[in-house]
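By written order: A, B, C and D. Residues from 1 in each chain.
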Amino acid sequence: MIGGEQLIVIAGPCAIETEELLKETAFKVRGAGADMLRGGAFKPRTSPYSFQGLGVVGLETLARVGEAMNMPVITEVMDSDDIPAVAEYADILQVGARNMHNFSLLKKLGRTNKPVLLKRGMAATVEEWLLAAEYILAGGNSQVVLCERGSRSAEKWTRNTLDLSAVALAKELTHLPVIVDPSHGTGVRSLVMPMAKAAIAAGADGIIIEVHPHPEKALSDGDQSLTPRQFSILMREIEPVAKAMGRRIR
Amino acid sequence: MIGGEQLIVIAGPCAIETEELLKETAFKVRGAGADMLRGGAFKPRTSPYSFQGLGVVGLETLARVGEAMNMPVITEVMDSDDIPAVAEYADILQVGARNMHNFSLLKKLGRTNKPVLLKRGMAATVEEWLLAAEYILAGGNSQVVLCERGSRSAEKWTRNTLDLSAVALAKELTHLPVIVDPSHGTGVRSLVMPMAKAAIAAGADGIIIEVHPHPEKALSDGDQSLTPRQFSILMREIEPVAKAMGRRIR
Amino acid sequence: MIGGEQLIVIAGPCAIETEELLKETAFKVRGAGADMLRGGAFKPRTSPYSFQGLGVVGLETLARVGEAMNMPVITEVMDSDDIPAVAEYADILQVGARNMHNFSLLKKLGRTNKPVLLKRGMAATVEEWLLAAEYILAGGNSQVVLCERGSRSAEKWTRNTLDLSAVALAKELTHLPVIVDPSHGTGVRSLVMPMAKAAIAAGADGIIIEVHPHPEKALSDGDQSLTPRQFSILMREIEPVAKAMGRRIR
Amino acid sequence: MIGGEQLIVIAGPCAIETEELLKETAFKVRGAGADMLRGGAFKPRTSPYSFQGLGVVGLETLARVGEAMNMPVITEVMDSDDIPAVAEYADILQVGARNMHNFSLLKKLGRTNKPVLLKRGMAATVEEWLLAAEYILAGGNSQVVLCERGSRSAEKWTRNTLDLSAVALAKELTHLPVIVDPSHGTGVRSLVMPMAKAAIAAGADGIIIEVHPHPEKALSDGDQSLTPRQFSILMREIEPVAKAMGRRIR
């Protein structure tokens, strides 16, 4: 499903906050052409005192909204104990950058039959990323989607440095689909659009974009979230680039 | 126990390979003055096809050898499911650099009553490292030991770049003891001695050193392991530096 | 001239080796659609024992070939003493990544009336890059072209990590044209094409590409040089991406 | 002179501001035991609008104060055109981190007969640093002193990450003396002392320390400058570490 002529576009808030907000976001991103809904229920936060996500309640909300909107949903799994719950509610299980080296989690995901989106670690080499995928594949689960989300660097004006050559390398060296997260990859709203285009031109099979109806009030990652209106413009503007690459949106 | 006038010296092989080898190593590092025995039973390896450690059998071996030699033991826990087993056999539970951002694991370790050695992540800032410790402390477990083990960099002649200013910063900003791992921190045998001395001069409360009777045959990390004889020389040579800092070995 | 609807494409060998080779390369890249010829006469090499370039003889060769082919030429200036000579022969003076922080050179280039291509330093932040440009602009020379060429990172499979978000940032924050060097930016021949496309999609005003008739025999940077035939394919393939961005090639 | 049993201690302000301030600083650091006086006349500043140093007037001031205090002096040379002037006034010529890759400057310094202090570039590998020294040595000037001053990293609480394993590596691989700059290497006043001690324990042949009578009023680098009193305490505290290493101060 991911990796064909059609690019996949995943959109939604960083974290699931309320059912209403999620529904509003889902309705608008679907209208703009998104294929899939994202939203975090378990949030890996640097500080234990930051909002940690709604947990299972968030999973239920996500599943309900996805069903209502007829959109498949993706959410992060942080703990091997949560795999059954996340697998029950989500269509794709996401492994975040902070857990790319969590080999116990990867091994257990290798024994599920759900697709896994594997984000690249914040300082992982491409080789380590592909070997992390191998942990899942070796367990018998062949449905792995790679996701480039930027590496840590000394640059101060972005949150991470998005490495699009990693996309080209991964496409060259593996048969796995590769998508790009320009929201975390830059941490800067105005850079999401140019990097989404660049990602597609580099050969990515899709993008995952943070969208929030009121970014200034978001409980996390507001600075990098697009408004639904900005997302809608992004969808329109990436279309010609996709076409230039022989791909299509929806 | 860690953080007083006496520096702690932890030594042992990267991975537990056989009971005989571990016994030989323990006997020799104890003779040279080590306080505590290290050895990995669960090994976080970049590739799923590399040696993954002996698991519970390794834990049993470690505990048996530690008891026979009258040395407390430390070993890594990679998965929250393994906490009970590791806590049964080990005196200190180690969180490796690859799991510093594994917040689920940290939260569960906050609910145990065993000391935790928290290695700094390979690209973690000092702030993130201290906040990772906060995840354990916030759970009610106040026995956290920080361990600097080098950050990823572009330098090709070392495996990591050991950041001793992080030790001084952590000592300045927290009340937690801080130790240094010059073996992983450099990845180069000949650099272990000078970096052990530098660590102590920077204010570290101890060091953790990889020692293997036959580094060239080690199943992992042979290039950075000292022979027992080299470890014995190291112990002799760090002593005057410790004294200069108003500390002592044993 | 640079920064309008038309993208600029600069191509040629890393170093000027012989007049014959340069002529052959120029003839072929011009045929494929390149606007400008590049070639190094003064080469900043890591080792003093590596080929250092042909110096003034190289400059003369470059100017002769450029005139014969009716192509403007660009070459690097490494020393303020060489500015007059380089300015005599070249249409654009290039400051390499290793000299981005060479403020004496930048100040003197501010007093010339020739366009300057300013490469980003190998670990420079975007702010430092823009302030380096300011050194030239403050001297009265307003013809500055920025060039992103990749930053140093821990990735082992590429020579540098090309940072296309820096292109978008520089376009957003300055009025200066910005071009991209995917050859140095990746160091890997197979990545030049996808990164050239991605650069254009990110908003770059042009690209600079290393081309050598026999990359395997090149005196420097053979691994990242395209053959004239590969360059010709690249020119064909970037065209639709340029169009999608509302730009054109030639 | 540098590299023997006695460690060299170089101290002084970042920039030469006034003769009075420099004299006061020199008087105090000499009293505390410094061997040599530092002070910048040509300052490599990120912005063209920051204080650029006093130039030749600064050189004259430095030489006058050095002579009056009977202290040899060291200052930075940024431009090959300035080599004669700097060589006339200074006992050691310093190449800053931003010019480590300025091969034209290095080559010309190879033809002088003055000692050169070569700082490691902000993202240079140890190999590149040693090859930069080779540019000077290959010209016939064998008096090269290496200086580690920290590498750029993603750490936010320090200005650079001081890499003391580079000191040990350089001592192991070359016969050149190696000193450490903990002021630039950390950018944080409270870290200068622990890193000075650690540098000596790592095998450094000396340290270079920024001292300013009124750091809060310094025209540059105030945050990392010690007061004369703090410098005096540092001198007293590094002495036992030096002794432990079989070295001495003065």
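Everything below uses one rule, namely that contacts are C-beta pairs under 8 Å (C-beta built on N, C-alpha and C of every residue); 3 or more make two chains touch, one makes a residue touch a chain.
Note that this is a predicted model, so its numbers are computed, not measured.
Q: Where each step is a move between two chains that touch, what is the least number of such steps from chain A to chain D?
A: Minimum number of steps from chain A to chain D: 1.
Q: Copies chain A and chain B touch; is their interface built from the same residue numbers (over half shared) or different ones?
A: same
Q: Quick check: more C-beta contact pairs in B-C or A-C?
A: When the contacts at B-C and A-C are counted, A-C has more.
Q: Averaging each chain's C-alpha atoms to get its centre, pick out the one most distant from chain A.
A: D
Q: Whole-Å distance, chain A centre to chain C centre, using C-alpha means?
A: Their C-alpha centroids are separated by 35 Å.
Q: What whole-Å value do you get for the distance between chain B and chain C if each is reduced to the mean of its CA atoms?
A: Chain centres of chain B and chain C, defined by C-alpha means, are spaced 47 Å apart.
Q: Mark out which residues of chain C touch at least two other chains, giving numbers and ranges.
A: Within chain C, the residues that touch at least two other chains are 123, 127, 152-154.
Q: Touching residues of chain A toward chain C in the complex: what are they?
A: Interface residues on the chain A side: 123, 125-127, 151, 153-158, 161-169, 171-172, 185-186, 188, 190-191, 194-195, 197-203, 240-241, 243-245.
Q: Which chain D residues qualify as touching chain A in the complex?
A: Answer in residue numbers: 152-154.
Q: With touch defined as at the start, can you tell me which chain B residues reach chain A in the complex?
A: 44-49, 78-82, 98-99, 101-105, 107, 122-123, 127-128, 131, 134-135, 138, 152
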